[in-house]
Amino acid sequence: MSGLDVNKSNNPSTLAPAKRENKMLRFLNSKKVAPYIFVFPFILSFSVLTLYPTIQAFIMSFQRILPGQVEFIGLQNYQRIFNQTFYKALANSTIFMLLTVLILVTVPIILAILLDSRLVKFKTFFRSALFIPALTSIVVAGVIFRLVFSESDQAIANQIVGFFGFDPIRWQFTAWSGMFLMVMMASWRWMGVNVLYFLAGLQNIPKELYESAEIDGANIYQRFTNVTLPFLKPIIIFVTTISIIGGFRVFEESYVIWQGTSPGNIGLTLVGMLYQQGIQQNDMGFGAAIGVILLILIFVVSIIYLLLTGAFKRGDE
Amino acid sequence: MRKNNTLAKWIANSAFILIAFIALFPLLSLIISSFRPSSELMRNGISFSINWSELSLRNYIHIFTDSPSYWQWYGNSLIISTLTIVLSLFFSSMVGYALAVYKFRGRNLLFLFVLVIIMIPFEILMLPLYQLMINLNVINTYTGVMLPLIVAPIAVFFFRQYAMGLPTELMDSARIDGCTEYGIFFRIMAPLMLPSFSAMAILQGLNSWNNFLWPLLVIRSNDLFTLPIGLATLLTPYGNNYDTLIAGSVMTIIPIIILFIFFQRYFVAGLASGSVKG
Amino acid sequence: MKKKTLSALSPLSLSLVLVLAACSGGEDAAESSEADEVEVAGSDIEDATELTFWTFAGTHATFFANAADRWNEENPDNPIQLTAETYPFDQMHNNLLMALQSGSGAPDLADIELAKFSNFLRGDVQLEPLNDLIEPELDGFMEERLNIYAKDGNYYGAPTHLGASVVYYNTEIMDQAGVDIDSIETWDDYVEAGQTVVEATGKPMTTIADNWYGIWPYVVQKGSDFFDENGELTLDNEENIETLQFIDDLVNEYEIAELAPGGGYHSEEFYGFMNDGGQASLVIPMFYMKDFTTYMPDLEGKIQIRPMPTWSDSDIQTVTMGGTGTSVISQSENTDLAKEFLYFAKMSKEGNIQLWKELGFDPPRWDVWEDEEMREDNVYYQYFHDDIFDILLGIRDNVGGIQINEYTPDVLTEIDTNIMHNVLREQNQTPEEALKQSADTIRQKIGN
């Protein structure tokens, strides 16, 4: 409120002639209105480009959609979903999500703290090295992984396996190795990005806090839990949330390895099933229904997570 | 104490050398492989043992002389990514900032919406969005490719988280100095958020550069293809074109690496002059 | 003061940015669409009617561009400008579906692959029937092939080849094992010969693909299929279980077959394996000749083509498999011209001869098989042998066709993902269990 008062007393002297304009400007500048102007373009684009299509998709999930023939079929699409294939996709997506959250949250925190400390030299180089895989397009990553993990015994992965005296593995054909490939690819590509998130967060921690903690005799572990973690919390919440969501939404990793159909559905994910049924097989209503289920699933899991971590409260207000 | 420290340094540095090696190894092997005959490569995969005599510049000569489309894809990707970065950062930073520093009606609801958008799998929006693009008459244009990426909920989320760490006292003193709410954002707070801008610029750039499914749907003609789509057209079982694929993949990565290394100086500078100092 | 202006301007500048962005995109697109990177034929002719063709195979794009050039020579009064766009396989079909679903954005002509074709026959079919072109000359065509792209008596696709399944024998290996390939007449003979080969050379008689190439030809040859004439699902019938059991036995009982490296016959791993003399024989349609000449140069002169061995209870000697149909899209503003051109390019006698000469495909019109132009020497005759079409003529009356309906893609997906994998690779299901389970899944879908 104090800001507005100051404006009132200052402005007449500088902007006396244009009184109506002034009033308009003052209205636009009020603390009540400003946030709405800040968010307006987003709300506009969001409504047109996301909300509207989402509503359409919801409607589609109750329809059978064929060229020239669209009819409402009630809950039939939903009744069909819960079969063997769906559970397989659900299991794959969930396992992938859990593994990537585990790897892509804990490891980057440690790496970021080390990179931020005085222990490591050549920080710029290491930071770049970690980040560079993220610059690789998923298509290129797919090419590399297929070549490195080729079933030929002369490919690198099998050369390593052979070095330890094991038989060559047909990486793209068994369940565990298929999951391993997907998690590896995601971790490889996103590790550096998450390290950057945490590094940016670490810059917010006042160095004096560490110093005073050190003076108070706190050891490394205590400094980590009492100083670093609380300050990193918003970023940790952020990274974990997008990893949960991204994990459930996994598709491209599977797509570039198997091009849609994997043996025994070892690489089938929920979005993969949506893509296969809804788009490849032209059953868009059914695909939309899978999408709605997926949306509810992601929504429930991440809201629970956010509630547990208290992300909706403005911490220090 | 000192001895302890040296040991820790040793361990940390060697760990990082190993990690950097793992991170870079796939790309290095791709680069080396790009000098090998490409069909042989597709048959046997990337191997540790290199037959030096079979290495040649053939693949590169091929993409520089025989693949004019490749460079066109390159240009398209550059233009689309640049525009996407600028537009999406502009929009999302304002929203993230407003969500963090203002108390207003509907704030929590809006934040919830942001989270919900992150959760919506793009694939279910594809058909409705596609129809929308037809109605807007932007099929087969750059605009059509960029539009959905301009709504960048992850960036909004990140900016919000970041702006929450900004010192609110600065705002009050700025108001006393006669700054408008917008002035506060553009002249004081946005510069403080610079590190987050760099991070999000990189992220949005990546999303756009690597975007695959959507441009595939919107773009109709070969001369508007982006790099990932162009490369994917080379990967069909009907008439393989691995010569361009492997060398082309390498050429996709190298320039952005250079750009990133260059950009990183600013990124680091941004980090150093981070918000806490102001 | 300065700050005031800034605040007032920011919403404005924002909308400006939006407008600017919208403009620049549109303009760029318009300007660059004239670039010459795509296959365009007839671009130098004034008043030529523009036609667009989508395909997933670069060779098909070239084939159509050449056809357009010939068309323009022969029809100077009705020229066309053909733009042939090549997309990734999956995306081309998806984009086409989307375009048909939403009613705009489709090309005039498009290639649709066999496994995808029935997706396009659902609802109100958005493809033009080609009956008026085909029916007058129906006798000249192998009808089994035309029927693949047909629904309710309408032909919607112009075939690219007959795709007659045959066996390619590697004579080097067969000779080493001392087996005369002409003595192999039945599948029992084949198994026996296979055992001799494995014993003598240590190499597998054949490899089985994890996908439908590893079962469909054998099933049809046995007189069965995945659907009967009435469209009833027969995936888990007695003949199919027997057939899959036979395939399973080739791999896991007689051990004369292995699983194909790379999972299928179109992977580089497989090309390398085959080229290095990895297996004695391969069952695949005639169109694979092109793969041999392109990817397996070392086998030149060593490969002999023969009809498939027969089952004791069926006299079908070959099965039409794989293959792409080219369709005219109803959205096109020039459907008549597009149809005429399609006839010219792929369905006329001349077009069929070009399919052989340019692409190495066995033409779907048998009435050109004896044509002199067909018998002119080319790379395929040099790589294989001279009597390729005499073999085809000999088995012309015993060709098995396949039944396609709207659930075929579901069946093929089940085969590619579950059936072959579980039975052959993992061996955790018997052929009967696997087929029954998949059939139940699909019946559930049909029931809805």
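Here are a few things to note about the model shown:
Should a chain be cited, it is by its letter among A, B and C, assigned in written order, with residues numbered from 1 in that chain.
Convention: a residue touches a chain if its C-beta (ideal position, glycine included) is under 8 Å from a C-beta of that chain, and two chains touch if they have at least 3 such contacts.
Here's who's who by UniProt: A = Arabinose transporter permease; C = Arabinose-binding protein.
Keep in mind that this is a model prediction, so the values were computed, not measured.
If each chain is drawn as a node and touching chains are joined, the picture has every node linked to every other. Contact count check for B-C and A-B (C-beta pairs in contact): higher for A-B. Mean C-alpha positions place chain A and chain C (Arabinose-binding protein) at a centre distance of 38 Å. Note: centroid distance chain B to chain C (Arabinose-binding protein), computed from Cα atoms, is 37 Å.
For the pair chain A and chain B, the distance between mean C-alpha positions equals 13 Å. Touching two or more other chains at once are residues 4, 7, 10, 14, 94, 98, 101, 269 of chain C (Arabinose-binding protein). Counting partner chains per residue, chain B has residues 42-44, 126-127, 131, 178, 180-182, 232, 235 touching two or more of them. Residue numbers of chain A whose C-beta contacts span two or more other chains: 29, 37, 41, 150-152, 279, 284. In the complex of the two chains, the chain B residues touching chain A come out as 5, 8-9, 12-13, 15-16, 19-20, 22-24, 26-27, 29-30, 33, 41-49, 91-92, 94-95, 97-100, 102-104, 107-108, 110-111, 113, 115-121, 123-129, 131-132, 147-148, 150-151, 154, 156-158, 161-162, 164-165, 172, 175-176, 178, 180-182, 185, 195-196, 199, 202-203, 206, 209-210, 212, 227-228, 231-232, 235, 245-246, 249, 252-253, 256-257, 260-261, 264, 268, 271-272, 274-276.
Residues of chain A touching chain C (Arabinose-binding protein) in their complex: 14-15, 25, 28-29, 37, 40-41, 65-69, 76, 79-80, 83-85, 150-152, 172-173, 259-265, 268, 276, 279-282, 284. Contacts from chain C (Arabinose-binding protein) toward chain B in the complex involve residues 3-4, 6-7, 10, 14, 17, 21-22, 24-26, 28-29, 32-33, 35, 37-38, 56-60, 83, 85-89, 91, 94-95, 98, 101-102, 104-105, 266-269, 271-273, 295. Residues 1, 4, 7-8, 10-11, 14, 18, 90, 93-94, 97-98, 100-101, 116, 119-120, 122-126, 210, 261-263, 269, 409-410, 413, 416-418, 420-422, 425-426, 437, 441, 444-445, 448 of chain C (Arabinose-binding protein) are the ones touching chain A in the complex.
Across the complex, chain B is touched by residues 2-3, 6-7, 10, 29-32, 34-39, 41-43, 45-46, 48-50, 52-54, 56-57, 60, 111, 114-115, 117, 119-122, 124-141, 143-152, 154-156, 158-159, 188, 191-193, 196-197, 199-200, 203-206, 234-235, 237-238, 241-242, 245, 249, 251-252, 270-271, 274-275, 278-279, 284, 287-288, 290-292, 294-295, 298-299, 302-303, 306, 312, 314-315, 317 of chain A.
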